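Chain lettering (A, B, C and D) follows the sequence in which the chains are written, and residue indices restart at 1 in each chain.
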Amino acid sequence: MADHTLPIPGAITAAPSRGAALLEWLHGWVVTVDHKRLGILYVVYAIFFLLVAGAEALAMRIQLAIPGNHFVGPETYNELFTMHGTTMVFLVGMPILFGFANYLVPLMVGARDMAFPRLNAFSFWLTAFGGLLLYFSFIGGFGLYGMGNAPDVGWFAYAPLTAKAFSPGHNTDYWALSLIVMGFGTLGTAINIIATTLSMRCRGMTLFRMPLFVWLMLVVSGLTLITITPLTAAQIMLLIDRYVGGHFFDTQSGGSAVVWIHFFWIFGHPEVYVLVMPAFGIASEIIPVFSRKAIFGYPAMVAASVGIAFVSLGVWAHHMFTVGMTSVGNAFFVLSTMMVGIPTGIKIFNWLATMWGGKIRFATPMLFATGFLFQFLIAGLTGIMLSVAPWDWQLHNSYFVIAHFHYVLVGGIVFCIFAAIYYWYPKATGRMLSETLGHWHFWLFLIGFHITFDTMHLVGILGMPRSIYTYEADRGWNTLNMIISAGGMIQGIAVLIFAWNLIDSFLHGKEAGNDPWDAWTLEWSTPSPPPAYNFGADPVVRSRRPLWDLKHPNDPDWKYEQ
Amino acid sequence: MSAIQNSIPIFADENWRLPSRGRVGMFSLIIGESAIFTIFVVAYIYYIGRSVSGPTPQILDIPIFNTVCLLSSSLTIWLAEHAIERGCMHAFAAWWALTMALGIVFIAGTAQEWTRLILHEGLTIRTNLFGTTFYSLVGLHATHVVVGLIMLSLVLLFTLLGRVEQRHAERIQVLSLYWHFVDAVWVVVFTVVYIVGR
Amino acid sequence: MTTESQPGDRQTATIQMPAPTAWPIILAFGCTLAAAGLVTSAGISILGGVFMLAGSIGWFRQVLPHEQHEEISVAVQPVAIASARALVDRIRLSPEHRARLPVETYPVVSGIKGGIAGGIAMIGPALLYGLIAQHSIWYPVNLLGGAGVAHWQNPTTAEIAAFHWQSLFIAIVIHSFTCVLVGLLYGAMLPMLPRHPILLGGVLAPVLWTGILHSFMGIINPALADRISWSWFLVSQVAYGITAGIVVARQERVPTDQSLPFAARMGIEAPGMMHSRADAGPSRDKDKP
Amino acid sequence: MQPGRRLCLFRSRLCALCLPCLCAVPALAQGPQATPSILAPASTPAHEIYNLSLFVLLITGSIFAVVAGLLAYVVVRFRARGPDAEHEPPQIYGSTQVELAWTVIPVLIVVVLFLTTARIIFAIQDAPEPKSALDVTVIGHQFWWEFRYPKLNIVTANELHIPASTRGAPEPTYLHLLSADVDHSFWVPQLAGKTDLIPNHPNEMWLDPRAPGLYVGQCAQFCGVEHAKMLIRVYVDTPQQFDSWAENQQRLAVDDSAALAGREVFESQACVNCHTIVGTPAHGTFGPDLTHLMSRATIGAGAAANTPENLHAWIEDPGTFKPGALMPAMQLSNQQVNELVAYLSTLH
């Protein structure tokens, strides 16, 4: 995926020396404003941090494998889970999904580039440098001893633990500053995606003919505009507290810790949908192609996506059932949270109906998409359990919650991301990923995933809270924790296989051709990899599946679509 | 399988109009900015009357003149938009300069207010919750005004150099959208800080 | 789609793409340094400010007065868009076994009307029960609405028989919402199973529903479960089902469904089962800007 | 190969589902003594939650069975097989009726779930406090618990004693939750759901355990370095036991002349700045009240058993058990520590 130059005709004339060629090549990537290159940069960056944050997770699992372990100390453990969470959300999840959006949205709507190509480059580099700043904290500040100054207040950074009094040093500052920098990058990308989908569509690409992935990215970008910014605002307040002595979250001077919790989750919950809805988009592209059927109920899928986005803005306080709200407040957020289940259910049923009656080919992308469906179903149901406030009083901040959101984030999103990489890698590089390695990757990851996270539900029910670096030996959690850790290792192996597959297939993979999956959206009508200008001539579409229309002139979609 | 002829007929389609990307982008930015302001406004409202010590909002004077200046600058920038659309570059420059002047008056008024509060009332951002929330919210808005003024002055500079022409009308309009937004936010900030909050 | 496959003269054509530029990365680097200065030293921030200024100016000159472009020549890359799967199956419709179907069925929206009518009909037996059992029409209302009234821990019978406006409000909301929804569900599903709509919707479904509620009522609403009379409950459910059924039956029937197979009764939209549009060129489609 | 693969898929699903459950059995059986399982409720709030959870589990379980069954059926039944590479399956774009049906059914389920949940929320959260209730103020500190019994005039730490409640004479305990520094959360799974302790935001919760015994729990809101070792022990006593415990706690500290040297060390060092021993000049409030230290089974909020050896090690360097604890290593000589331990050991 990584180091590949797209052929830019006429770019390379003579054969310069090796070093100069390398420099030239690097320079090309650094100054690029091409949406495809930036998309690839995003994805490579995110995969790198996926490995980093995965390693952090494994370190935590080694520490927790047995009670009273001394693999890492409490300070280090706290830094590990803070960095793991922050990295996975901001340096893996968001960049990789925006990377896909960058690469695919212009291709799918038949445009030559994003609406604001330079802003696009700027956004990526903000994200990239923000990530570097976050990781600089390991060596920054007081120097390299110990673990430096990495944030250690949890990725939710509840006040007043972040106040100067309880968190001296620059740990929290690194967290807030790097996220603000990345937040502006994300804001830029979101604006760019919205402008691209609204203003750059090719002829005939009405809103209701856009591929679902584009629809989902449009909804996600809209949601990003109003969810990332509250976090930025809250972090600015935090920095005002820490640097100029403000009192926003200073509980000694009348400030409120609860306000931070509200602000954080006003960002934090929609953020989950910002992460998961692109995954929905990916599934909505892959499942139809491998089932050989049009997506079932396209308008309902669009409506459900918009519905989820709207409802998600009113559910944040379900993270706060234990904070001590009034009973009526609790009941309201129970209802709004349960309502999210309805559009989500529509989506799951529509995917099932898409597969129903199809001729399903289980190539690796489809395997991952099916895994996604299964796990996302469970994640949704445990979500319903957690929305039941009294039960949440028990399960909140326990390993059950950890299991639930890893079911969403790993079982749902990461599975979809893998599916997407297997699916679009041929388009981006011109080579297929190895199916054999892909199957190994899938099965190992699936098994490891279930061993880890199914078991996590149980320790949660047995009363194990999150964020603890060690636990008492007599609590009955020992065996289960050992199993969880073992499952984590299996997942680690699977991801290494995947990384190897990416590199090996890039060098020796099978030639892909333009349209290896016999798919229907516009990106498959370009060569693999697509030229810098995407389309030699502006495409014109008449239905949601323009390539289907071309492939089946006697049975085109535009005759039947509502 | 025989290959199919792969081109679909191109329809004569004169109606294919899409919204301008500049406008869409600016509207998106405005939505995002509104969310930031919302958070600060909510924090301000939540913390009204919760300071444990120090000055209270009673010490604020209602900045009527400032407000009138800022709001009327929305009108003048709108007239400037019209002027450039019709191609009257002189009128454009004049209205644009007037807009800037009004903006500068507003900022100067804010600066004066802050000087009074800091030096005479002893209210700084560290004093108490009121100070923290007041300076943050009003300061956030003032920052936006300053950013707007910088961009306005760039346009004015290029206008005076004769580089701005009628064909730039759309860009000018996108920029003035931002200015309208800054004015609209002031209405909210004004209401919250000087009317509700007192 | 792609016209590269068209022979000929496009070879020398070029396309304008935005020129690569380093200014965005410099600006981004500057912003990050400016932030990093806060956790290291002020000098870093100043350096970041310099980078930001340079980046902004450079970027500004990139887009004004004209956006900078580079010309990229179009390479001829013939793209064949074809699929090996040239044949598209249709849903096989075998009309033979549909002789037993009723001749007509009802449109989906009729279910909502049925639901409303049924909901009104249900009130009758419920109030009657209240009058007979406790001499108060508010009794059943409070049993339903009591689920949401906060301060009712262990209400006495007299309390339940009295009038409470919150309880009335909640009961109305629950009742009307559920009735309309169930009606909608009937409307959507009964046309799929049209053999005995009255029997299915009027009797079987209420019995099933009552059975499910019977087993769960203790946890959903214990106050209701303790006092409920299941026979009366069933009567009101059946009243709902039958009234809804009758109202639906009186709606205008959709006459063409006589010979439709199950797939069509499900409302499946697929080629062969829906009319194809003669021509719908993009010229007809207006997009909302 | 295809049936084989199908079988493989099925088997892995089966394993994935069953393995953890099987593993859970020994874990559950490891002993009733200390697993704070939410499936073993011992108090009304926990019981209500438990019943509700079974109901929700039943509903979500049936949804799971139906949908996962459909998925399995689709995966098995509609996989492409055979050499037929020329046909596309019939294209279906949607179906209003079917989609309507699977929209309305979830809505109905949500209505039922919500009504049930709302009732339990009100029943637990808005339960009126009876006159006979015992009030305890719980104050969360980094990283220990302070328990104050205002009516009984008792202050203790980390180990909460409450009387068992009987059906005839209900004696629920109402906890008033405060925090001295950052957010904490009080969670004893067998007794009630958790509630957070937040500075400037007093909260409340109640318990009415029936069976005497020891119930464990711990802080459930990340609160800093030693969040993991902020353990709670709740002793549910019979009324007699509770009365005698309370009587002992109300006494002044034992003044044993044999431990005079240790007492002098205690009072001449910084100990008094943070700890209280009633009846002596020590009035500090940053650390746990030590007046009846020996009546507690653990030290360091459950970090270690309360034995003279552990006390010795703790005073020398609390980091031995609890790195990051706010109590500093006092740099005392071995002799001084021995005297101190001797003194502390008299504080019954």
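Simple rule for what comes next: a contact is a pair of C-beta atoms (placed from the backbone, for glycine too) under 8 Å apart; a residue touches a chain by one contact, two chains touch by 3 or more.
Only a predicted model underlies this, so the values are computations on that prediction, with no experimental measurement involved.
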Worksheet entry | Contact-richer chain pair (by C-beta pairs counted) among A-D and A-C | A-D
Worksheet item: If you average all the Cα positions, which chain's own average lands nearest?
Response: A
Fill in: Distance between chain centroids, defined by C-alpha means - chain A, chain D (Å)
32
Practice prompt. Report, in whole Å, the distance between the mean C-alpha point of chain B and the mean C-alpha point of chain D.
Written response: 50
Worksheet entry | Distance between chain centroids, defined by C-alpha means - chain A, chain C (Å) | 25
Fill in: Centroid distance [mean C-alpha coordinates] between chain C and chain B, Å
38
Worksheet item: Got the chain C residues that touch at least 2 other chains?
Response: 1-3, 79-86, 88, 91, 150, 269-271, 281-282, 287
Discussion item. Where in chain B do residues touch at least two different other chains?
Written reply: 1, 4, 6, 8, 11, 13, 16, 18-19
Response to the item:
So chain D residues touching two or more other chains come to 52, 86-95, 98, 107, 118, 122, 126
Discussion item. Quick check: in the complex, which residue numbers of chain A touch chain B?
Written reply: 115-116, 187, 190-192, 194-196, 198-201, 203-204, 221-222, 225-230, 232-234, 236-237, 240-241, 244-248, 253-256, 259, 263, 266, 540, 542, 546, 549-551, 553
Worksheet item: Hey, which residues of chain B end up touching chain A in the complex?
Response: 4, 6, 8, 10-11, 13, 16, 18-21, 24-25, 28-29, 31-36, 38-40, 43, 46-47, 50-52, 125-126, 128-129, 132-133, 136
Worksheet item: Quick one: in the complex, what on chain A touches chain C?
Response: 7-10, 28, 30-34, 112-113, 117-119, 121-122, 125-126, 128-130, 132-133, 136-137, 140-141, 149, 170, 173-174, 177-178, 180-181, 184-185, 201, 203-204, 206-207, 239, 243, 292, 327-328, 357, 514-515, 518, 522, 525-527, 531-533, 535-537, 539-542, 546-547, 550-552, 554-555, 558-560, 562
Worksheet, complete the sentence: chain D contacts chain A in the complex at 5, 12-13, 15-17, 19-21, 23-24, 26-28, 30-31, 33-39, 45-46, 48-49, 52-53, 56-57, 60, 63-64, 67-68, 70-71, 74-75, 78-80, 84, 87-95, 98-99, 102-103, 106-107, 110, 113-114, 117-118, 120-122, 124-126, 142, 177, 181-183, 185, 187, 189, 192-196, 198-201, 203-204, 216-229, 231, 302, 323-324
Worksheet item: Considering the complex alone, what residue numbers of chain D touch chain C?
Response: 51-52, 55, 85-98, 100-101, 104-105, 107-108, 111-112, 115-116, 118-119, 122-123, 126-128
